[in-house]
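You will see two complexes here that share chain A, one where it goes with chain B and one where it goes with chain C.
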Partner chain A sequence: MSRAGSFLSRAGLTPGQLTMHAVLLACAFAMLFPFYWMVLTAFRPSPEVFSATFHWLPQTFAGIDNFREAFAKAPLLRFMTNGMVICAGILAVQLSTAIPCAYALAKYEFRGRNLLFALVLFALCVPVQVPALPLYMGLAFTGTLDSYFSLMLPFFLSVFAIFLFRQVFRSFPDDIIHAARLDGMGELEILWRVVVPSASPAIAAFAVFSITAHWNDLYWPLIVVTSPELAPPPLGMMYFSDSDLGSSFGALMAAATLLTAPLVVLFLCAQRHFVQGVTMTGVK
Partner chain B sequence: MAMVLSSGASRAVSRRRLGAEIAPAVAYWFATPSVILLVGTLLLPIAVMVTMSFTDYELGALDYSFLGFDNYATLWKDKAFWRALFNTIYYVALVVPASVVIGLLLAVMVNGLKHGRKLYQIAFFLPVTSTLIAMATVWKYLLHGTIGPVNHLLTAIGLPAMEFFGNPSLVMPALAIIGVWSLAGFNMVLFTAGLTAIPQELYEASAVDGIDNPIERFFTVTLPMLGPTTMFVVITTSITAFKVFDTVAVLTRGGPQGASDVLLYVNYLEGFQYMRIGLASAITVVFLGIILLLSLIQAKVLERKVHY
Partner chain C sequence: MVRPKPAGQSMTATVSISSIEKNFGATKTLKGVSVDIAAGEFLTLVGPSGCGKSTLLRILAGLIPQDGGSIHIDGAPVDHLPPRARDVSMVFQSYALYPHMSVRENIATPLKVRRLSSAARWPVVGRMMPGQAVARAAIAEAVNQVAGQVEIEALLDRRPAQLSGGQRQRVALARAMVRQPRVFLMDEPLSNLDARLRVHMRGELSELHRRLGATFIYVTHDQVEAMTMSSRVALMMDGEIIQVATPSEIYANPVDVRVARFIGSPEINLLDARADQHGHVSIAGRTTAFRSDTVGPFTIGLRPEVLAIDDGSSEIVIDSRLQRIERLGHDVLLHMRHDAGSKKSMTLRVSAAELDALQANGRLNENVAVGARAGSALLFGADGKRLPGLHGAAPPELVAYGLGLRAVGA
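For the complex of A and B:
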C-alpha cells in the first residue's frame, strides 16, 4: 500500500495533483459535452432523439441516413468550398499588403509614419460592423454584391497583421539587413527572402487566427450574400437550421458536425499556433 | 501593444535609424497598398457613416436631407433602442465575470499540473475555435424545453423543466451560457501567458514565509501578480461580449418579445432589413463610441502594465 503510494507520488501524482485532475476532468467533460452530444445525435435515429431515456451510445446506428439527409437538404460541400476560397483569398491579400506595410513602419523613416501608425492603432479598435453600411452601399452601387469579392472586401486589410508583424520586424537585427544590402540585394528581396522567413512563426499564428475568424464569421456574409451557392459555412448552417428541419435533429447535427470538423482538425494539427495567436492579441 | 507604448523612449536613443539611409520612396511603395485599403474600406466608410447619421437617408431613396441630431433624438426616445442597449449590457454583465473567473481558475489549475497540461488546454480551447453558429444549434438542442438533455437533468433532480428560449427572463442567461462556454478557453490561454510571466522566486519566497497552502498562495502571490492581466482580460472579454450577434441572429432573433434584442442585432435590422440608413448609422455611432471607450481603457491598462 505504502509502496503504491510512493510510486504514485514519484510519478507526480500526489493527492493534490489527483484532486486537480478530478476537477479538471469534470470541467473538460462539461466543455466537451456539446461536441459529444452533436456527434451522438448525428448518429441516432429520430425516435431515440425524442425519447426521454438517456443512452451514452446510439442504440440503433443511423449515421448514414442522417448524413445522407443532410447532404440532400443542403449543399454542405459547397459551403465548405466557399469557406476555403474566402479564407484563402482574404489571407493572401492580408499577408501581401500587411507585410510590406509593417516592414516600412518597423524599419524605415518616412514622413507620415507616425500618423499611419496612429491610424493603424485606431483601426485596431473598429469592428467590421462600423464601416458595414457604407461598404454595403458601395457594393450595391457597383453591382458587386453577392460575390466572393464582396465577401472578402472588408477583410483585405488586417491592421492586426500590420501591428503584429511590425512588432516582430522591429526586433530583426539591422546588421543583417545592412549585410544583405552590401551584397547587392534590393529592398523587396531583403524583405521577402531575409526578413519574412525569420517571422514565419508569427505569420503561421496569424494565418491560423485569420482563417478561424473568417471561417466562423456570420455577420458580413449574412449581409452581402443572397445566393445559397455562395454561402460560407456559418451562413449555410443558418439556412439549414431555418429550413423545415425542426424535427430532423439527426440531419441538423450531422450538418453541424461536418461544418465544424475542418476547424477542429486544423486546431488539433496547429494547436501551438492557435495558442500563440491568442497570446499575441494582448499580453505581449 | 505594450512594446508599442514603450517605444517612444527607445526611439529617442537610437535617433539614426536604418531606414534613414535609403530613399523614402521605397517605404511609400511598401505602405501604399495598405493605405489604399485603410482609406477605402475603413476611414472613408466611417466618415460616410457618421455623415449619414445626420440625415434621413433610406436605401434606394433618390435624395435626402440633413436633420441635425434628429436621429439621435429619436434613439433617445426609442424604448426599443434602450431595451437593446440594456440587454447588451446585461449580457456583458453575465458573460464577463463568469468567463473571466472560469478562465482564471482553469489556467491556474492546468498550470499547476505535472502531467497532461496540453491535453486539458486542447479540451478547453476547442470551443473557441469551433464554428459558433453550428455549435449554437447544438446548444439550442441541449437547452431545448422538452427533449434537451439539460432539462432531462433538471427534471431528474426534481427541478421543473425550463423553456430557455421561450421565456423572456431566461433567454439572456441561456445566451450567456453559450457565450461563457465559447470564451472561457480564450481567457484561459491569456491567463496562462500571464502565469508563466510570474517569477518563480516569488513562490519560493512565499514558501520561505511559510505560505504552503496552494489556496493561500493563490491569493497572496498569483492573484496580485495577475492584476494587470486580469484587467486586460476583463476589457477584452467585455468588447467581445458587447459585439454579441451570431447567437441572437440564429437562435432567438431578438425574441421572445424583444427580450434578447441586442445592439448589433437591432442595428442589423434597421440598416439591412428596414433600410433606414440614417437611423442605423446613428446606432452605429453609439456602438462605435462605446467600443472606443472600452479600447481606450484597455490602452491605459496596457500602458500601466509596462511600468508594472
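For the complex of A and C:
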C-alpha cells in the first residue's frame, strides 16, 4: 500500500485523480474501439471477422485486397468529391451570411436588435426535420431536387454560427473599431479586415462543426438525392453496402476508413484553434 | 475622399465646441459644453472619472453623435461628417492597434485607406493591381519617417502583442501622426503606463506638440499631466466645463471650490470662516482684522505651500495638532488635525531645510499654530463660487517658500 502510495505521489497523482483518469480512459476506449474495429477489419479477410476469437492485430494481412475491392466496386473518390463540394459550399455561404449578421447584432445599436437576437436563440431550438417538408416542396416546385443546390440549401443560414460569432464579436474592443473608422475604413472593410482575422479561432471551430455535420449527414441527402453520382459519403456508403458488398466486411470497412480519414485529418489540423474557440465562447 | 496634403502644409486648425449636449437614457452626460481652441494649442480636458470628458472627445471625433450643439473645425461645421472626413486622429488609452497586423501595417493603414483604391487594398491580389507602385513607395517612405520620429524603426516588423506598453504607445502615436491630421485627440494615452514611463512620455508628448505645431486635445483624469503639458486646461465636472485657463492661472485663481480641490497635490486646505453683519471675518473661530464683502458662512482655501508654522507674524492663525510628517526628499508634508472645517485635517508643504530649522528651534510641538498671509487665501461662497479676497490683505506672494522661510525666521 505504502509502496503504491509513494509511486502515486511520485507520479504527482492523488487517488482521486487516478480514479478520474481510469474513468476517462474507459470512456475513451468505448469511443475509440468501434474506430479501431473499423480499421482492423479493413486490414483482415472476411473469415476472420466472423471467427469466435478476437485478435488485436490481423492474423492474415488482407488490406491491399480490401482497399482494391472497395475502389473497384464503389466510386469512393466521387463520393468524397461530392462531400467536399457540399461542405465547402455550405461553409462559404454560412460564413459570408453569419459573420455580417453576428457583427450587426454584436456591435450596432438599432431598434429591434434584442428581438432579432431572441429569434436567433429561438431558431437554435428548431431541428432541420421541422422545415424539411416545406423545403422539399419548394425544391420540387422549382425543379431543383436531385442537385448540389438542393443538398446545400437548408444549411445556408446557420443560427448557431450567428450565435457563436456574436458572442465572439461582442468581446472585440470598441476602441479598435473606432480607430479603424478614424483611419477611414468602411464598415465592411472594418469587419473583414480587422474584426474577422481576430476571430479566426472561433471561425476554425465553427468550420470543424459545420464540415463534420454535413460530411456525415445522411438524413437530408437521402430525401433530396436519387442519383448515386451526387451522393455524399454516408449516402454513398449506403448504396455501396446495399448492392453487392453487403457481406464483404473488409471492403466495406476499407471504404469507411477512407471516407472518415479526411475528417480526422481536418480535426487534427484545426485542433488547437478548435479547442481555443470552444473554450473561448463556452458553448457546446 | 480626403486628398493627401502636400508636404509642408501646416497641419493645424482651430476647434470650436459650442453647447454640446449628450444624454445616455435619463443621465445628462454633457450639459451644454462650450470651449474654443486656438490653432496649435495644447488643450487638456481634465476631470474626475465619469465627468464626460471622454464622451466629449468621441463626439469631436464623430464616433458618437451629440444630442445638441455643434462642432466647428477651422470655422466649418463638421457635425454631419463621418469620422474619416473630419481629418482628426485619435490615440486611445488602450492604444487600439490592429492585433493581427505588423507595426508597419498598423502605421500604414490610414494612408493605404486614403491613397490606394479599394481594389488595391485586397489582401494578396491587391498588390497585382496596376498603377500603385508610386503610391505604395510614398506610403512606405512616410511610415519610415514617422517611425523615425517616435524611434520605433527597429520594431516595424513585430506584432503589437510582442511590444511593451511604452512601445505600443509610440506605435499608436505614429499611426495618428502619419496622415498629418489637423487635430490630434488623445484619450488618456499615458494611463496604462508605469509611473516612470509616464513621466518620460509626458516630456516626449510636449516635445512632439512643439515640433508638429498641431492642435492637441488631450483628455486625462491626472491633474499632473494637465498641469505639465498643456497650454490651457479645461476642467470638467458633472458634464460641464467649470474653468478654462492656463495651468498657472487655474492653480492660482480657481473660480470654483471644486476646481481648487481638483487641481493641486496635496489637495488645498479648506477651512470654515464667517463674516458678521459688518463684514468682519473670523476664521477657525479666531477673529481677524480682515473684512469681506459677504455676510454669513463661507470657505477659505489655503494651498499647502502658503501655510507655515506660526511665528507670531502670521495674519491668519489656525490652532492644530501635528499628526504625521512625510518626507518627500526636498519637500516635507506636515499632516495636521484641526477643528475648523468639515475635513478636520490639513496639510503643510515645507522644505526639508525649514523642517530641520523648526526641529532645531524646538518649535515643532504636538500643539502648534499654523499661519498664513491673508493675501494668499482663496475665498469661496457657500455655493462653491469664488469670492473676492479679504480686504486689507497684501496681494498674494508668488514665491511661497520665501514666505515660509521668513515665517520660520531662518
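In this section, the second predicted complex is superposed on the first by the 239 of 284 C-alpha atoms of A that agree within 3 Å, B and C clash if a C-alpha of one lies under 4 Å from a C-alpha of the other, contacts with A are read in each partner's own complex, and residues count from 1 in each chain.
Methods note: contacts are C-beta pairs under 8 Å (C-beta built on N, C-alpha and C of every residue); 3 or more make two chains touch, one makes a residue touch a chain.
Here the structure is a predicted model, which means the values were calculated and not measured.
Enquirer: If chain A is used to align the two complexes, do chain B and chain C fit next to each other or clash?
Expert: fit
Enquirer: Is the number of chain A residues in contact higher for chain B or for chain C?
Expert: B
Enquirer: Given the touch rule stated above, what does A:L259 touch, chain B (first), chain C (second), both, or neither?
Expert: The first partner, chain B, only.
Enquirer: With chain A as the corner point, what is the angle to chain B and chain C based on their C-alpha centres after superposing, as a multiple of 10 degrees?
Expert: That angle rounds to 90 degrees.
Enquirer: When the two structures are overlaid on chain A, which partner does A:P197 contact: first (chain B), second (chain C), both, or neither?
Expert: In the superposed model, A:P197 contacts chain C only, not chain B.
Enquirer: Smallest separation in Å between any Cα of chain B and any Cα of chain C in the superposed model?
Expert: 5
Enquirer: Looking at chain A, which of its residues have contacts with both chain B and chain C?
Expert: Shared contact residues on chain A (touching chain B in one complex, chain C in the other): 178.
Enquirer: In the complex, go through chain B and note every residue touching chain A.
Expert: Going through chain B, the ones touching chain A are 1-4, 7, 17-20, 22, 24, 26-31, 33-35, 37-38, 41-46, 48-49, 52, 59, 106, 109-110, 112-116, 118, 120-135, 137-139, 141-142, 147, 149, 152, 181, 184-186, 189-190, 193-194, 197, 214, 229, 232, 236, 243, 245-246, 249-250, 264, 267-268, 271-272, 277, 280-281, 284, 287-288, 291-292, 295, 302.
Enquirer: In the complex, go through chain A and note every residue touching chain B.
Expert: Counting only chain A, the residues touching chain B are 11-13, 16-17, 20-21, 23-24, 27-28, 31-35, 37-38, 41, 49-50, 52, 54, 96-98, 100-101, 103-105, 107-111, 113, 116, 119-121, 123-127, 129-138, 140, 153-154, 156-157, 159, 162-163, 167, 170, 174, 177-178, 187, 191, 212, 215-216, 218-219, 222-223, 233-234, 237-238, 241, 249, 252-253, 255-256, 259-260, 263-264, 266-268, 271, 274-275, 278-279, 281-284.
Enquirer: What residues on chain A touch chain C, complex-wise?
Expert: 173, 175-176, 178-186, 189, 193-194, 197-198
Enquirer: State the interface residues of chain C toward chain A in the complex, per the touch definition above.
Expert: Per the stated touch rule, the residues are 2, 58, 61, 63, 82-84, 88-90, 92-94, 96-100, 109-110, 113-114, 118, 121, 123, 175.
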